[in-house]
Structure formats: C-alpha cells, structure tokens
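Structures for review follow.
In the two complexes that follow, chain A is the common piece, with chain B as its partner first and chain C second.
Take a look at the complex of A and B:
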C-alpha cells in the first residue's frame, strides 16, 4: 500500500518532467548533434565534421574575447552586487523614516526588462548629448566617449547590470540580517564588543547561507547576460562587448554557422557548470549552524 | 582601557540600534533615490520632447508635447503587443504553478532514491543557459511548425522555468507537516484531492510571490521570443518597444516616440509593482528566509 502510494506521488511529476524533457533535454541533445556538423541553419545539407567546431573555438578571437567578457559579467556583477547589496541591506535595516521607500525604489529596476533598460541607459552613457556627459559639462568637463573601447563597454554593461539587479541581493541580505537572533548581538554588546567586530564576527558568518544564495544566483545570472547588451552596445564596438549568450545567437542568425553556434552553446553550459558547482560547494562548506 | 557601560544603556542600544539618525542618512537616501530614478526621468523627459528638440537631455524639454503618447496609443502594434504579452504571461504562469506545484508535491512527499535523484537532476537543469538551447530549440521548432505560435513559446518558457519553480515549491512543501496528508488519507482522500484541498491552500502566500516573479520574468523575456515570434502580429510588448528603439538608431531617429512607447509599456509593470509591493518585497523576504 505504502509503495503504491509512493509511485502514485511520483507520477505527479510526470507532466512537469515531460515538459522539461521535450523543451530542454531534446533540444540539448539536438544541439550536441548539430555541433558535430557544418550547417548554415536552414538548408537540407549538413556535413559531418566531427570535433572540428569544438577545435575552432580555441583559435576564434571573438570567442575568446566573449568568454573573457562573460567572466567579467559573471564575476564583476557578483562582486559589485554583493558589496552594494549588503551595504544597502545594512542601510535600510536602520530605523528611519522613509526606509521602506528607499527599499521600494532600489528594488524597482528588477521589474524592468533588460532590453528596455539598455535602450534607456544608452541615452545616459551616449557620447553625443548623453545625460552623464551633460552632467560632466556642468563641471566644465568635456564629453567622454564612454563606450568607445571594448573594455569600456564591458565595464559599463557590468555596472548597469549590477545597478539593476542589486535589489535582489539587498532583499536576501535583509532577510538574513532579520533572521539573526538578537541575543547574539545583545551578548556581544554586553561584553563590550564594538559594532564593527559584531558585524565581522557575528553577522557575517551567520549570513553565509544568504551569501551562498546571492553569489550563486548572481554568478549564473551574470554568465547568462544577454538583454542589456542587445540595446546598449549591440555587442559593439566591433563585437568586443559580446557575452557568450549573445555570440551564440549572432553565430546562428547573422553568420549562419549553426554547427559552430551549437558548439559554443555547449561550451557555455560547461563553463557555467565548472564555475558554479565548486563555488557552491565551497560556500556551503562555510555555512555555520546556529 | 575599556569604558564600562551600564547594562541599561547597552540594552537600549540593542533594541533601538539607530534611533538617532543624522541628516547623513537622508542625504544618502536622497542620492540613492535619484540614482535609481534617473533612467525613468530620462525616459519620461525624452517622451515629452519634439523630435527637433536637441537641448541637453539632462534638462526638461524646451517645449512640451503629448503627441508622442497620442501616436503611441494609436500604434496598433503596441496594443496588439499587450494582448500577446498577456496571453503569453497567463499561459506560462498557469503551466508553471500548476504543473510545478503538483510535481513538487510528489517530489517532497514520496521520498526515496528516485525523488532525490530527480531533485539533483532539477538542480543541473537549472544551470542550463537558455541560449545554449537556441540552435537545438529553434531548428526543432521550425521542423514541427511551432514558430510564431504563442502557445509553443509558452510551453518552452514554462519548461525553462519549471525546475526553478519545482525547487521553490519543494522547500515549502517539506515544511508542511505530513500529519495533515495522513489525516486526509485516513479520511479516504486521494492524492490529488489531498493536494488541492490540503496542500494548495497552505501554499497560497508563496504562490502569489512565485506568480509575480514568473509573470515579471515572462513579460520581460526577450531572447527566445525574438527568435520564436518573428511575425509582427505575434510580437510581445517588449519586442515592439525594442523595435521602436531599433528604428530610432536607423534612418528615422524618432527617439521621443520610442521613449513614449517605452513609457506606455512600462506603466502597467511599475503600477503593479507599486500596488503589489507588499507581496513582492515581503514575499521575497519570507521566501528567502525559509
């Protein structure tokens, strides 16, 4: 009877996993298959090339550049968002009038699509009549070409992405701070511990679970970055600010290299896996019980 | 030498850590609010300008006009985009919450090796970047005539988010006492009835939060819709607005109109955010602290 019930319970999973199977596992298998072929994406002709697509990854300058960018988007955003998010959480955790308003406004950009955000931010970082340059002009500084170089564009994309998604970290840390039992702090204060020490010795270790969640979510999000780039730089100048996600779509739809695009897709999956799993494992091992 | 504080003072410090906030807090608050509202300001500012108004974007328009909004409201594509987006969001929400919740119930309650294997599988699936599946998904969807079909895109989007939704629900269902199920089972309730009458009501608050997150993510989804919905009739709001900006880069350069379309597209999202802020922010805080 128990056994029958157990299998009936498991059968409830079938529709959900069927959907995952049809729309994720089958396409993944198909992508692996396509990655062994030379194919333009629409013709009937597909030529088997074995591992050639994977081999050309290592000599493709745009791929290497996009990979470096993807790492900057991933790690850069994670670093900025966690520092800013923790600071913001500590700030709005203070008792003052209007803290809920600050919290509300800081979280708001998360509701806005990255494509739209990129399009608007373009008019802030634009060379000609951009708002940032307008501001600098007030102080007598001439216009600066913010997105002239590849690295400038990459840093600005990282900055905007971190700015936009920071609210998520803030909420995670806020929840973490509110969950720390007050008695630890009381005890420490009675012992004459300074606020600084309380933060580093009590709050931060107890925030480890929150840090794990925030870091892993930000990392995976940053490695998948796509939307902002489309409207802010369109991958430019000269394909120097591409993320791997965006490169995959350009390879497929612009360059008509479906096989190679599939290979880059598999490479991106492997990169995310290799980066996220050990970091997750490490952070989990640092979590303390209380 | 350590200064001795009386216990009373210390306790007062713990319970109202920052009762006396200086004006510095308000300066920082004001700065943060300005920093986070700047893009909205830039967008609105542009949308009220004449196309010929080339005064610095930082300042208010030289002459105000509502023409851009009138034009945006008369744009059949934008209206149609709203309709398509609503259908798309509703389908994805229904699929993910219903199938994901059901599957999570099965996973959480059945226990054993199969269940834990499926949960590990879920975590791996969550790491697959959706762009890695681009070639695999697109070529299969072309083959099975699923391009320009909103239902097909909905199934695909729901599949991508399903693992996350299952993961989210599983952690909540685990915290619902098993006695409730067993009591229902003794009363002769089947598994499905137990789910709908016992479990689902318990999940109501977290479902609201999850629904909002799915809805926002789906509404803002860009990469897959742009390739799977190529027909203008089928475009979502985000695709339509992105197109308006795209023409803005090209020959027409109608930035004010694009910004007006953008404002119209963002208005419902921001409005809902302000109305549902309690569920979004408090809900997020609660769901993290579980």
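Take a look at the complex of A and C:
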C-alpha cells in the first residue's frame, strides 16, 4: 500500500518533470552545443569553433561591464528590497487604521509589469520634459541629465527594481512575522526585554526561513533583470547599463552572434550557481527550529 | 540532511538554468547532426475577418477553397489595416483562409528564431533584408506577372545580381534629410539651397543662433552613423570610392575616419540635443512636432508623417542627403517598405503566388496608408511620402537614388554593429575613441563578411 502511494505521488510529479525537461534541460543542452559554434542565429549553416567563444569572454569589455552591472542589480536590489521590505512588514504588522490600504499601496508596484514600469520611469527621468526635471524646474533648478553616465543609469535601475519588488519582500516577511508565536514576545516582555532586543534576539532568528526565501528570490531576480532595462535605458548609454541577460539577448538577436551569446549564457549560469548555492547554504544553516 | 542538500542543489540548478534559456531557446540550425527545431515562434496570429473586399482582381478567379496560408508582418496602424482589407478581398474571392501573424516590434527576433528552426510562415515581410538576410529562405519571384511592373527604384533595391527577385515591394521608404520648414523659416534658412555638408553646417549655425536645436539625430540608433555614408564613400563625386573593397571584404575602414571627423563637428558646434545618446525616435518626433528642431539626417518619410500626425500645423519637407564635395551626388536611399516574399518550402506555393499577384493589383490602399513611395503603377491615390518626394524633385531634379547604404555594401548584422558604434562615438569623440570605433567596426565587418561567404 505504501509503495503504491509512493508511485502515485511520483506520477504526479511527471508533468512538472516533463515541463522542466522540455523547456529547461533541452534548451540548456542546446545552448551548450551552440556555444561551440560560430552562428548568426538563423542560417542553416554553423561553423565549429571549439572554445573560441569562451575565450572571447575574457577580453570582452562589454561582458565585464555587464557582469559588474549584474552584480549591482543582484546584490544592490537584494539589499535594498530586504531592508525596505522588512521595515514595511514590521510597520504594517502593527494594528492601525487603514492598515490594509497601506499594505495594498506598498504591494501595488509589483503588480505592474517590468516593461511598463521601465516605460513609465523613462518619462519620469527623461532629460527634456521629464516629470522629475519639470518638478525641479518649479524650484528654479535646471534640467539634470539623469541617464548621462552608465553608473547613474545602473543606480536608477537598481532603485526602481528595488522599489518595485519591495512589496513582494514585505509579503514574505509579513507571513514570517505572523507565524512567530506571540508567547515568545510576551515572555521576553515579562523579563523586561526592550523592543530592540526582541527584534534582534527573537524575531530576526525566527525569520531566517523567510529571509532565505526573500534573499535567494531577489538575488536571482536581480541577476536576471531584463525588462525594466529594455524600456528605461535600452542598455545605454553606450551599452553601459546592460545586465548579462539583456546582453545575451542583444548578442543573439541584434549582433547576430548566437554562438557567443550561448557562451555568455553558460557563463551567467555558472555565475548564478556559484553565488546562489553558498548563500543559500549559509542562510539555511542560520535557520532555527522552534 | 543529505536529501535536503540535494534538494537545495537541484533547486539552485533549476533556477540558474533559467538564465541560459534565452540563449538556448533560439534553437539550432538544422545541421545534419542535430536537425534541431526548438524555439518555434509563438503564433500570435489573428485571423482576419472575412469581409467583402470590393472588386476582385489578381487572383485570376482561382478557387482555392479550404486552403490556409500564414502571413507574418510587422506592419502596424493604418498600413496594417489597409493590408487587412486586401487580405479580406483575397479571402472573399478565392476562399483561402489567411492567418495573419502581427509580430510588431518582435518581428525581427521572431523571424530569426523561425528561420533557425526552418519553420517559416508561407509569406513574410522582408523589410529591407530580402537579399542579405532572407534570400536563403525565399522563392525567386522574377517570373511573376507583377515583376515587370515594378519601377526602377524598387528593382535597384530588391533585384539580385543574377536578376532574381525575392519579394514583392509594394511600397518603398525614401530616406533623406527631414526638414522642419517652420523652424527653418524662423531662422531664415533656405533648406533648398543646401548642397554640401559645409552648406548644411552653415544652416545649422543660423538655426542655433535663432535658438533652436539644429539636428535631432539620436545615437541610440545606427542611422546616425550608417545612413549618410554613401555621400562620403560610395557615390559620384564622393571623397572616396571604396565600393569594390567594401563588397569583396577587403575594406580597411581607414576612410571612415573622415565621416567621424565630420560628425564630430555636430558635437563640437552644439548642433545636437544634450541627451542625443539616450533619446529614441519617438522623442525626436515629439520635439520636432513642438517646432524645437530643424533637421534629422538619414530618415524615411514615415518620420514626417508621424510629426504632422502629432501637430498638423508643422510643415515638413525632405531634402536629399548632402554631397561631401561641391558637384557630388546628393542622394536618397530607397528601402523596402511593405514587402513580402514567399517561403521556398511552403506547401501552398500556388496560393501564395496568387496572393502576391492579388496584392500587386490592389496595392493603392496600402500605398496611401503607408505614407511612403509607390513602387507599382498607382491607380487612384498618392501618398504623403510621394508628395514629399515630388516636392524635393522639383527643387533637386538630379537626386541620386540608391539602395540603403548598409543593405548594399555591408554584410547582414552590421546594422546592430553600427548601433553600438554610434553609442561609443556619442560618448567620446576623442581621436582615441574614433580609432576604437573604427577597430570595432572593422573587426565585426570582417567576422560578418566571412560568415556571409560560408
């Protein structure tokens, strides 16, 4: 009977495994294969070049810059999203009038697609006739070219992405906070513990599973950032705000370097794997049972 | 604990795998060893309504009832609606069911993916690339009845060296210098008197003095660096004549520095918008519609159409691209507008040929809506673009027309390369940067040329 149940449960996983195989494993294998060829991405002719595409990665300035940007998008967004998300969760976890409305407002940005968010922000940060500059003009301040430099664009993208995804973090932390039994806090208060100590000694350790989920999800989301960049800066100025995901897409569809694009894709795969696994392991080791 | 570790590793592997899907989802060419066919494009098709399409012509009364063909397009707005009317007429006459895929801005990437998997629509738009990108997948249409009716401007663009034709070019885009006549008038500039780049800069100086931005070119597009090059490198009276070297892959790009030196004067003299490195065409259109800027070099007449649509009070005109020397050719580029070819492996070749024949005989509505130039004899209407072109020819009777420079002299893929180079140059116009731009162009040109010869 137990064996039969096991088989039944296993069979329920088959659709998921099939989907992963068809839409992830097969393209992954295909990408590995393509990365050994020189190919424009659409012709029926491909030329074997061995490891040449991988060799080119180390001398490609745009790749190195995009990798640095990807780390900023990944770690920067994760840091900001988690600090803001946790703060917001602590705030809306209290009892006050209009609490549900505040929760809704804080959560709303995540419901807007990244493409639309980028397009909206483009008109806010635009140099000429942008909303932000028009507001500054009211105070006698001249137009500021927010997107003039690569680093300026990268920081603006990081801020927008953090603000947009903050609501998601807030939701995770809110669920985590509501799962902490009240008795720990009550016992601590009876012992004369300060609010600050309760947060650092009780809430934070017990929130570790939520922190693990939020950090890993945000980190990978930041590493794969694509849609906001497309509509906000289009990777510019001079390809200086590209993420690796967007660079891969440009290499394939715009530059017609499908083989090299696949090699960069594999490199990104390895980067995420190397970064995400140890962080996940570390965070899980800090989780406590209660 | 071990199980948990494996679960963690598997989860991380799956998440990380997402990142390479983009590179992998394009599928593979059907190389003999793989025959890979992943990544077939999504069918975003919308079936056109079966409406009466007026008097039926062109399908020769053929009955193809029960047949279905798929057409892919990137047309939009009025031109798309006009095209749908023609499709409806064809469906009504022949009983064919047409599925129209409207890919919009994703058209190029979707078509590249579909080419990779060798699974193309029966008929698809070639948008300027019938010869250097799509030829491998297209049917020779030189024997079709409409082929002899195409005008010389069209044939110069779509006819291969061996006389073959791969697309029905219903409209053509004429690429020159767009002029805001209101701004020119206020600045006291006569744009019709501009002949050389020197004259052009003198006009820009006057426009700047009058408080306007002379040039609205944006360096997020390849156009700023690619569309006017024939004036320097290719045409009669040009400073150089590098055509042969460009076409046989031996060009060393040293002469390109002259173009960069000239473009530098636009930056040095303050002719451009401060944010020319990040704005897009939509911004240029908006600013021109607000009568803020005078010229944009190397753009099709759809630009003027869009400006006047935003502000009907703006008077727009088109002048040819300047000559690099006095007496040199002033030219306009002609590109494929609404142009459709037939997939060589379609199972409905007769239906597809009948469809293109029908389009060729019912193209007036498309021409009128597109605002571009007509390439087939026009029966009833004249487009806005045609009007601009005729006005230009009344001032410059000897305009030299040629295929778009990059489509004629560069291998496929160079448009994207020019786009990157434009960004590099916009950021830094020092001598060192110019050399970097030239090296970047040379390196990619060599690569792409070699790939095109394989």
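Here are a few things to note about the model shown:
Please note the rule applied: the second predicted complex is superposed on the first by the 278 of 290 C-alpha atoms of A that agree within 3 Å, B and C clash if a C-alpha of one lies under 4 Å from a C-alpha of the other, contacts with A are read in each partner's own complex, and residues count from 1 in each chain.
The rule is short, and it goes like this: contacts are C-beta pairs under 8 Å (C-beta built on N, C-alpha and C of every residue); 3 or more make two chains touch, one makes a residue touch a chain.
A quick note: this is a predicted structure, and the numbers were derived from the prediction, not measured.
Under the clash rule set out above, the superposition-derived model of chain A with chain B and chain C contains a clash between the two partners. Residue contacts after overlaying the shared chain place A:182 against chain B, while chain C stays out of touching range.
Judged by the touch definition given at the top, the superposed model places A:44 against chain C, while chain B stays out of reach. Annotation for chain A, partner touching more residues between chain B and chain C: B.
Within the superposed three-chain model, A:239 lies in touch with chain C and out of touch with chain B [touch as defined at top].
Of the two partner chains, chain B is the only one touched by A:96; chain C is not.
With both structures placed on the common chain, the touch criterion links A:112 to chain B but leaves chain C unconnected. Once the two complexes are overlaid on the shared chain, A:228 sits clear of chain B and of chain C alike. In the superposition on chain A, contact is made by A:261 with both chain B and chain C.
In the superposition on chain A, contact of A:16 is made with chain B only, not with chain C.
Of the two partner chains placed by superposition, only chain C is touched by A:147; chain B is not. With the shared chain A as the reference for superposition, chain B clashes with chain C in the stretch 41-49, and the other listed options (41-49, 311-319 or 365-373) are free of clashes.
On chain A, the surface touched by chain B in one complex and the surface touched by chain C in the other have residues 20, 23-24, 26-32, 34, 41-42, 220, 223-224, 244-245, 248-249, 252-253, 258, 261-262, 265-266, 268-269, 272-273, 276 in common.
The touching residues of chain B, when paired with chain A in their complex, are 2, 4-5, 7, 10-11, 13-19, 21, 25-26, 28-29, 32-33, 35-39, 42-43, 46, 54, 56-59, 95, 99-100, 102-103, 105-107, 109-112, 114-115, 118, 124-125, 127-140, 142, 155-156, 158-160, 162-163, 166, 185, 191, 195, 216, 219-220, 222-223, 227, 238, 241-242, 245, 255, 258-259, 262, 265-266, 269-270, 273-274, 277, 280-281, 284-286, 288-289. Chain contact summary for the complex, chain C toward chain A: residues 4, 8-9, 11-31, 34, 36, 38-39, 108-109, 111-113, 115-116, 118, 133, 136, 220, 273-275, 277-280, 283, 287, 412-413, 416-417, 419-420, 423-424, 426-427, 444, 448, 451, 454. Across the interface of their complex, chain C is touched by residues 20, 23-35, 38-47, 126-128, 145, 147-148, 216, 220, 223-224, 233-234, 236-239, 244-245, 248-250, 252-256, 258, 261-262, 264-266, 268-270, 272-273, 276-277, 280-281, 284 of chain A.
By the touch criterion given at the top, residues 5-13, 15-17, 19-20, 22-24, 26-32, 34, 41-42, 88, 91, 94-96, 98-99, 101-117, 119-121, 123-124, 129-131, 134-135, 137, 163, 171-172, 174-176, 178-179, 182, 185-186, 189-190, 192, 210, 213, 220, 223-224, 226-227, 230-231, 244-246, 248-249, 252-253, 258, 261-262, 265-266, 268-269, 272-273, 276 of chain A touch chain B in their complex.
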